[in-house]
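You will see chain A twice below: alongside chain B first, and alongside chain C after that.
Then we have the complex of A and B:
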């Protein structure tokens, strides 16, 4: 729609102008790391974050979310979120993950709870300024998202501290309209942005995938009985940390809770994880995935094949959070896929 | 993009409809029979083999097979047999007629009573509470008896006390237009019938494999033995339908709990054609 070049000063003033007018969620320092949280003062914004502890998908699929209110007389009523908000500063790989979830929750049984949040959101993507220790989005084709649709504004910081602000939708224009005094990006600016993108794609490869992402499903097709699953899983504590930090994990459980009056209550969903011991257990205590290696393998098949079969995308975007989160150092998808590939040859 | 008003018009896939328990009685020590009646709203079109999510407000929701047949009750009435095992089923067991529940569904695939089974000999193989969903298909077939060939029902339970629908079992046993055989794993002093696992019965029947459709439903352990026996009887995999139990938490293909490798059992099952899943490693 339009692309502006905004000086560092103008950019800060813009964020300051946005915070009182909109509900903004943005990356901020949290002790020595970063987290998405409500932004109330522009100075707290940290677009130089390397990676957030939890992915911003938590605003579309909250850790705990009420779906339904009920009473004991059997009346059920949907609870659907409508408050508009701005997700500000989402990294490209995290946007790709959210875009995948958007498809999954929209297709084959429209999930109105998820979709209401998604529709209420304005998504401002910010290109990565500082690479995290384990990021490999560059190998997964998700270091930048200029070719992808579905977000509203794209921010790219140039070397002189100014920002290229690209408005991609009418929703985005509501935010960037405040920048009308900024200059339009010229050819030189666009070239500079291109250079930043090229550099980012190179830098976000802290682990090197020895194949193209599109080769992963076929690789997994022939790796089901590979000894790697058991070898790696031997060290697994089934703690679910890799699930918890993953931007494409969306499995959940549903529970009821009663209020103090013991008459009314709510049904909520909360995040669950396929690495947790009882995830596939049915009533009567039969666990259909009782071995650690079966759970471990299942997670990689979901990332590299099952979701691919559903939506045609690899459900590992290369954020590297699982690598950092795993306490026994077995959760590196690049290592898993490379090793499977080597030993196939 | 949808507006807030438009979104509020969208059906919430998680929203149950209010229903009432109209009948409840004990069938065994752990199983109770329930009849639910939908209070208002739309009737649910269902087929044998499908399941519903049953809510007890405050306790949660559980996936339960429908045991009644649409040929015998109207589409606002559902019969189920529920084993007391977890939170929700324990709460269900504590209900009395007149109390409310929530129903959501029906979900999943169904037994092919209207297509693959039509005109064919049909063998039902039920282990334990596997009889509960299969009863729906048995009623359906018996109510359209002339549309099917030979009908054979094989039923096995752990002990005589675990037998469900005993009056119906007696009726099936005494009917001349069907073959009914049953066995128990472990007999008591009064049991005069067959003793042994369900495959014992499969060894006793004679079938025309080319013209036979087999329906299998039982505990997870049962399938591989029954399928082995069916191979000996030369039944083609494509003539076998299995109903697989998994934890269908959401029943709409999202929550992930029921996945069998890449398949969501709540969407692609619970009734599968065996030929379709013979290579799906987590299935059987």
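Then we have the complex of A and C:
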């Protein structure tokens, strides 16, 4: 695969050439913040976004999606999306999260709805140009992804405004093929890219985790009865904002709905969250986690231990969205893990 | 099989929620294909003595209204409370913040002592009779009402959200109103509206009432951090949060 150095002008022309040919979803301004949305004009692309309100996982696991169409005689048909699309400008930490969800949705019960979208996607990762207020991906080892596989193109903006465009797969070639006139990246260019990466790893540490991510599971092993859970949960609204903006949260609820003919209907799923009061309520109205502190603790165990036990990965990539989303400031994972660690010693 | 009989009734309210039903246009025809409205003052003149489903709008603010509501309840298999005035007492409960005699004079002036204007403190309808389902909001979302009706006709329990508006607001990918320097009641207000106000640039007014267990103290605790006062929060909460079970 090739690595090109592309001038600012060539880059803009490339994006303009891509938009009519492909279904692109890319970061764009939404009021004074940013969100991934369908890109129809290259000029709307904002690769200088700090963080998107929702992570791009919404294209693999939409907020609400129809799974099955059925009728009351017992006939049903799965609804599976196949249209190819391009996720353009995914930040490295969000890619790491998507990669984790790919693993989870592929194993055990293979999720055909999720996987069809994943297979239909071409993922273009863009290194972070502007650090968001609460990002700590640098502490989690997810500030850059040059040593990871699973995405198709990697974009890195150099200080002179030019881009290093690295093609990582055949799917990626379909896009970067349109850049054939750009020059191959030379040794100097690759060194400049290294410098950008080094700087990014430093900058994406707005909160400092005082341990390595791999130490978190053992820390949580010893913290189940820590008073911190109840102290923090005191101010919890059970609003699920931390869940809903999280790139690694993937819980959903399933409902059936009947059409006006009262014969046909659809089964859909929509995002759920373990911080919501009724999340663990089962038949008979028993709630396995009816206390805020139990729900609050569960979320951190989910991030730092349960997924680790399942696939050996920490389910927090350091995007910092939960920190910004929580109006009562109790959702900072770095603060939680640091405090638990201090008080263990 | 005969179509289920529906009665629509109103008490103290602006009738805006019934208007949402009338405004359903094509969906109104879909609804009428499934049910038989036998009493609906706003839209027809017939009356009946039995209803499979009674849909009740408005708050109870007079003894004679409470009596009429009890009769509706006795004649109905299911009662659906329609809109904030019926489900939580809504803006009518603002009057409960004052002495009822003062309110009478403030509103009716010289006519305050007329017997048919004798008010009682406002009540949501579940505070007077048993209510089977609630369709919250000021005004309601007619789709939610028709969803509840379709569930009932299919013998299925409709699910009412017991989580805050933030859930739907986040799903709509809105920026948080608190970050725009506003006091928003989203974190304590029951969802189901698809975060309509925040999605259109307004804070949440709380029209669907509080979630079952709202953390009002948490809402109060962040006022200073956002450059607001407790009174800022309380004044927002007065509109739909007056005389509710949960208070600051």
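The rule we apply is simple: the second predicted complex is superposed on the first by the 345 of 345 C-alpha atoms of A that agree within 3 Å, B and C clash if a C-alpha of one lies under 4 Å from a C-alpha of the other, contacts with A are read in each partner's own complex, and residues count from 1 in each chain.
One rule holds in what follows: a residue touches a chain if its C-beta (ideal position, glycine included) is under 8 Å from a C-beta of that chain, and two chains touch if they have at least 3 such contacts.
None of the values given here were measured: they were computed from a predicted structure.
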| item | value |
| --- | --- |
| Touching partner for A:258 - first (chain B), second (chain C), both, neither | both |
| Touched partner set for A:116, first chain B, second chain C, both or neither | first |
| Comparing the two partners chain B and chain C, which touches a greater set of residues in chain A | B |
| Which superposed partner A:283 touches (first chain B, second chain C, both, neither) | first |
| Partner chain in contact with A:301 - chain B first, chain C second, else both or neither | first |
| First (chain B), second (chain C), both or neither touched by A:190 | neither |
| Touched partner set for A:274, first chain B, second chain C, both or neither | first |
| First (chain B), second (chain C), both or neither touched by A:158 | neither |
| Which superposed partner A:244 touches (first chain B, second chain C, both, neither) | second |
| Shared contact residues on chain A - chain B and chain C | 255-258 |
| Parts of chain B lying in touch with chain A, wherever the complex brings them together | 1-2, 4, 7-8, 10-20, 39, 55, 57-62, 83, 85-86, 89, 100-102, 219-220, 245-247, 249-250, 252-257, 259-262, 267, 281-282 |
| Contacting residues of chain C [partner chain A, same complex] | 27, 30, 33-34, 147, 150-151, 153-154, 156, 159, 162-164, 166-167, 170-171, 173-176, 178, 186-188, 211-215, 217-219, 221-222, 225 |
| Residue ranges of chain A in contact with chain C within the complex | 30-33, 35, 53-54, 63-64, 234-241, 244-245, 255-258, 260, 262, 270-271, 273, 276-278, 292, 325, 327-329 |
| Chain A residues within the chain B interface of the complex | 67-68, 70-78, 80, 82, 104-105, 108-113, 115-116, 119-120, 171, 224, 250-258, 265, 267, 269, 272, 274, 279-284, 286, 288-289, 294, 298, 301-302, 305-306, 309-310 |
